[in-house]
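One structure follows; several queries about it will come next.
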């Protein structure tokens, strides 16, 4: 999603102006030093939010050395070097997860939203193996302007939610599961072929990407009417 | 499942004694003449139920010529040449389907069960995109000794049912769907990785196979206690 | 997406109230008679839009016999039995396609949006093999509240658009292409792993599904502020 | 299978009442602390069996610290915090395995059954490469009310057993094998396409899931006749 | 296997000398005219056996017009324009098949062997779903110098035979089966990962290829001892 | 291939009599202790060759402790506890490999053949990227009664050899290569679809399995003529 | 490759100036009318070569009606509406094919090159199953400035040629073959993992794409030295 | 690509004469000792460039011990034992990469070109998520005689470049990305199905292979005109 652009700052610092999103550092495939340098560079060269995702402890250490004031979210693997002010008028994202093992992905989504100033609620453990659990949260789900549904294994949670609520549902398959889960493939295919309406899908484990889609929807929601 | 044995009658007519199931003719990959000859042979050489599955109209015509008294179930693609007497004491199989397009598979299961003397109910159109539909049938599902859940696309129906009832659930993925459904693969993987308990899976579109598993469970249910 | 529910009208006619979407008839896997009966039933039993997608000429004939006033969109494979009034205040969906061969999917999306009262523009032939073409349409794309990007083969169009505009982008992979396109798999994987922000994906060739997601986003956009 | 629900005890403690199964902790994708907390919580909040599966040595240590009285089954990767009383009247499950390398999965099945009060026998090393071995165990297999057949590589064991016995056969593919075994895929596809009757399949390496299906079948077997 | 060389006769007529096999015409992907011309050319330009495989009725007609004396084997899809003299001293190939639907592939193998002068026996319908059937043919199988085992679906027949006999077993997966059989993939993977000794595998439905391997083994068997 | 049987010695010690092959210990998926116990048991309970394949250094240490006289072949990952006497009258196997990285698999084949008393030659580094290399070894290849061709990446070596020699060719795909080699899949598919005659295939990296097939062919070669 | 742009002529007629290639009409997924209109439009709006590929007889008829002077190449599925003048100074492309069944793809390549003014030779039937055939053409291959190697099944031809010549080799996998050829996948993977140097690969059956790459290489060859 | 030949020096030292490329040592699957011996052997036995690719630190240490004068390129994983003299008259290769994470593959390509005397420029961070970045480098790209485009995830960079420049484009998919990137499969399929002209593809992460293709194109460019 974001490995591009951080070495090419003169060009990419205008990016926020163009699409409304700043560059974000995907630490995962980078060395700690590369990641830290990219975060520092974005912090110095831009004025918007700056964060790094998929951070290992080594990434975290290197980034903290370069940017001591950064805030670390260990459960999300995210480091926030500069966050936007929270803007509750944008609307509400509700993030729902199937099980404990999906939490890291859900938290990556939530921390990213927060860094971008978006308000979100997190509903955990509403896997469809106990369908009453998700039904019991219907009032909370109905308040969402956007729902992000995070689930591994057979990935049926977005289907059930998509049929309950009116909001658009962003489905995030996770790599939780073994055997025929094939690293998230079962959940991915299930979500793509869902028989419920209003569901679109992002990459496996891509909580960050879901946050960006959710934020765009909230921004569309708040766009002056004359724009369209 | 059943292409084996019908040419080799001297050996295989003892099969019913061994596993309790007679041979069945899988017409699909056979010529109409091969299928008709096999049905006739089993009818003459055995005393149990005789049926042919996956019949095209050409198969039906050829079989009816060879066995004029056979009963044709067009919506199931099944021809029953001789059925067992219905034995309601065996217990009840409830077959649930997601949508209209899954009906042929569900009916293949039901007609097979009936030919073997097993009682079944068919609940249609309880796809999870409207989860209240399946919840609304809970009383009926609770009466089942075995549930057969038939669904295509993301195949989430067995998950929801598995979490509602106490009976074993046999999941039948169907090839209904397009694109990332990949001919039933999405439903198959979803059912195998279900987060609900008590679910086992048969081949894509294999309504017949599900009937055989269900019948074995009913027979286990009715086995004299001293056996175990 | 919609095979469920049309046989079970007493329950499902309340569906529009629940999620804001009426049931739609996916004609593809149904017989012409099943499809026509379902359309007739929905028309009589509901008050909202009624349409059938993936219609073959045989489906069209059967539906027209049952509902003579229906409007047929041959280039989209869609029959509209009753459309909502157009509501331009909802916002604008811009649908962009890579090539001529993707048009049927794009038109399925557009006709569905129209039947639901949503305004849309269609930009054709802006495949990335001539990236100046899509760049030349930037002003038009900037007007969109939601973009639907339809492309086969390597499916790079959503990536380029996602990096140009601020609106959420719904990516629709198509089965256009041969060999290593593997029936839309190449485009699907490409869209899921896009390096651009704000993209989510629906099933291969699922123009209808993209329309439902777009409509939910437009509705979120027009929701009273107090809701969240 | 079970990551859902353990953080949400107020709702899920009623689960046993609903489907007859308590929640079980799938330790694998959880941290040792998460797993230990979940086991402790279930032990305190429920009255039925409590166990954790897929435990690493680290999981075992953390659970034993939280629940010193727990019983550890190292060869199965299972920790039992509270077991049901054994109820031999339920019937007998016979678990058959192809080879030494399949033992861990078979033992996961057996320990789970035992924790739920179900009686089981384990027949090892009856791989079909020496078909006389499984034939030599026919008497023992005939005593089963349910057979669980565990095998890797080409996974042919359930086929041979399915054709020998009258009981339902639950097939468990294992990830044993290399190259074209593709992590259990060869065995999984083989079992799904078996030409023998009465076989249904659970996920690769899912000994626990097979135990839950077997237990439901035994319970169906013992259900009062008036129920159906 | 054999599309190469038939247009390039000046070079390839020496092929028989080099590897002991004449060129054979794979009619399948050729036009009837191309196939007929190739057969005629080989008949005129060589002195060994000449045959065409994978013939449709159109291929057969065109070849018969070009070579009226050719012998047609409809059940095998093979036309033999010139056969070698039968040489029973070469040894015996036993071909075993799982079911009726595998017969065309088995017959392609047998007719090819016969055209090359090799003796073979065909044992049909010994699918492992009735393992006593194949056990009952053990004496016949023991007479084989080479066994060709042809099976679709889960493809377990070579495993059982490989563990019974001393001869090398050539496994031929067939595309018989549906759903998770994936056009012969399940049988192919099963045969490649077989837990029985002495098995090697040819392409799906490749009865012709199995015959060539079997013939080479028979020839190795009859090679003068001084050669090695 | 061989995990079955080593725990069940009373039955399986008769195996050599039945198929001519003793059991072999596949150490890979076993603990060092399980492997050592199995080797010791076979050594004490049988009179034929005893070996263990896929041994790690830990397996080797454990086996040497249990059987100090065992011979270790580090480059093959094989430990031979008891070898058959060499019998050169059986014939000659020539093993050819594409590159240095395929050597371990080729040596597993060679050491196994040697332990079974079969004579073999090893030709290394005749990859088809320099086709003159394999052509330059034609005389040596022509002496073979059986050729084993070991190759990774695109796996074209068996094709070239199959078209050069008269002997049967056993193709062994290896997992050498990266990216689109997909762990040996490219080589496996290439070998199965080879356009050359006389080739059959074993599992990826299965040098041991190739040795068993080769040995059966040599034995068929030496079988008294009256047998057939 | 080329569905984009033909409806959008005002923009795309400048394309030839930009990359040196005119747009080409991929008839395959278009209706005959769409294809004919596109050819006519390009002919009238441009001055360079105009052709249509993947034409069915219906496409050919429609195009001939719109452009009576077009030249039809039935064996290539290509219609040339206007060809460039042949320019032999550009250099020579040698196209080599494995077998008769690959000819259509090879001819699509050759006719495209010819329409663009490039000189080419076609060498047929040099499949590696008779490696002497390709070796015998070495002098001819050495004259090539670019080699296009077209092959199905295991696709080993580019490997052998890549190791013989000094020119760049463009590998074209074809969908010729059955079973494990998986529609060209085996050849594609084999070519991508080739152990020979200087090979790059285009899509399955993409003779047209290979021609475009070859033409670019010839043009690079003839570029004034000062350019670099 | 290069594991073959280094053990067989007497034959392969003539290889440079035949195809113009010396053998190169693919260190990856070799032990450090094997790699070092091969480099030393090539250095002593040949007169052209000698290099080793895919070197781990252990490979580097072993090679430096054997060849102390070797030059190590850590960012490329390449050790150059002897380089050719730079020959700028050959032409220019421009290597373009999508993101920081693709750099190692791009550098493997560049260092290999340099060792072979070819001039190259490296353009980093021109991923299509900011399409203006690659457009901004058009002048630099236009100078290329060959472009190598390196990209992971959806791999759209070659498509955009192929439509901008006149030079042949060699596309290198990388394994950068997660989830549905499937280790480079998404990028590979995307590049193979690109809708832009003039693109051919090498294996995933194969920067070395791209360099060999590029060098052949440059050599074709500089070949005396009389050759063709």
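For this structure, a couple of remarks:
Letters are used for the chains, namely A, B, C, D, E, F, G and H, taken in the order the chains are written, and counting of residues starts over at 1 for each.
Basically, a contact is a pair of C-beta atoms (placed from the backbone, for glycine too) under 8 Å apart; a residue touches a chain by one contact, two chains touch by 3 or more.
These figures come from a predicted structure and were not determined experimentally.
Interface matching across E-F, A-H or D-E places the copy of G-H, with more than half of contact pairs shared by residue number, at E-F. Of all chains, the one whose Cα centroid sits at the greatest distance from that of chain C is F. When you average the Cα atoms of each chain and compare centres, the chain farthest from chain G turns out to be D. Between the CA-based centres of chain B and chain E the separation comes to 36 Å, rounded to the whole angstrom.
Centroids of chain A and chain E (each the mean of its C-alpha atoms) stand 57 Å apart. We define each chain's centre as the mean of its Cα atoms; on that basis chain A and chain G are separated by 44 Å. For chain D, the set of residues touching two or more other chains reads 1, 3-4, 18, 98-99, 127, 129-130, 153, 162-164, 179-181, 188, 192-197, 203-204.
Across the assembly, chains come into contact as A-B, A-C, A-D, A-H, B-C, B-D, B-E, C-G, C-H, D-E, D-F, E-F, E-G, F-G, F-H, G-H.
The touching residues of chain D, when paired with chain F in their complex, are 98-102, 124-127, 129-130, 132-133, 136, 153, 176, 178-181. Looking at the complex, you find that chain G touches chain C at residues 1, 3-8, 11-12, 15, 18, 26, 28-30, 34, 38, 173, 175, 183-184, 188, 203-206. Residue ranges on chain E touching chain F, taken from their complex, read 1-4, 18-21, 89, 91-92, 119, 143-146, 162-170, 188, 192-204, 209-210, 212-213, 215-217, 219-221, 223, 225, 227-228. For chain A in complex with chain B, the residues that touch the partner chain are 98-99, 127-131, 135, 153-156, 159-160, 162-164, 177, 179-182, 185-197.
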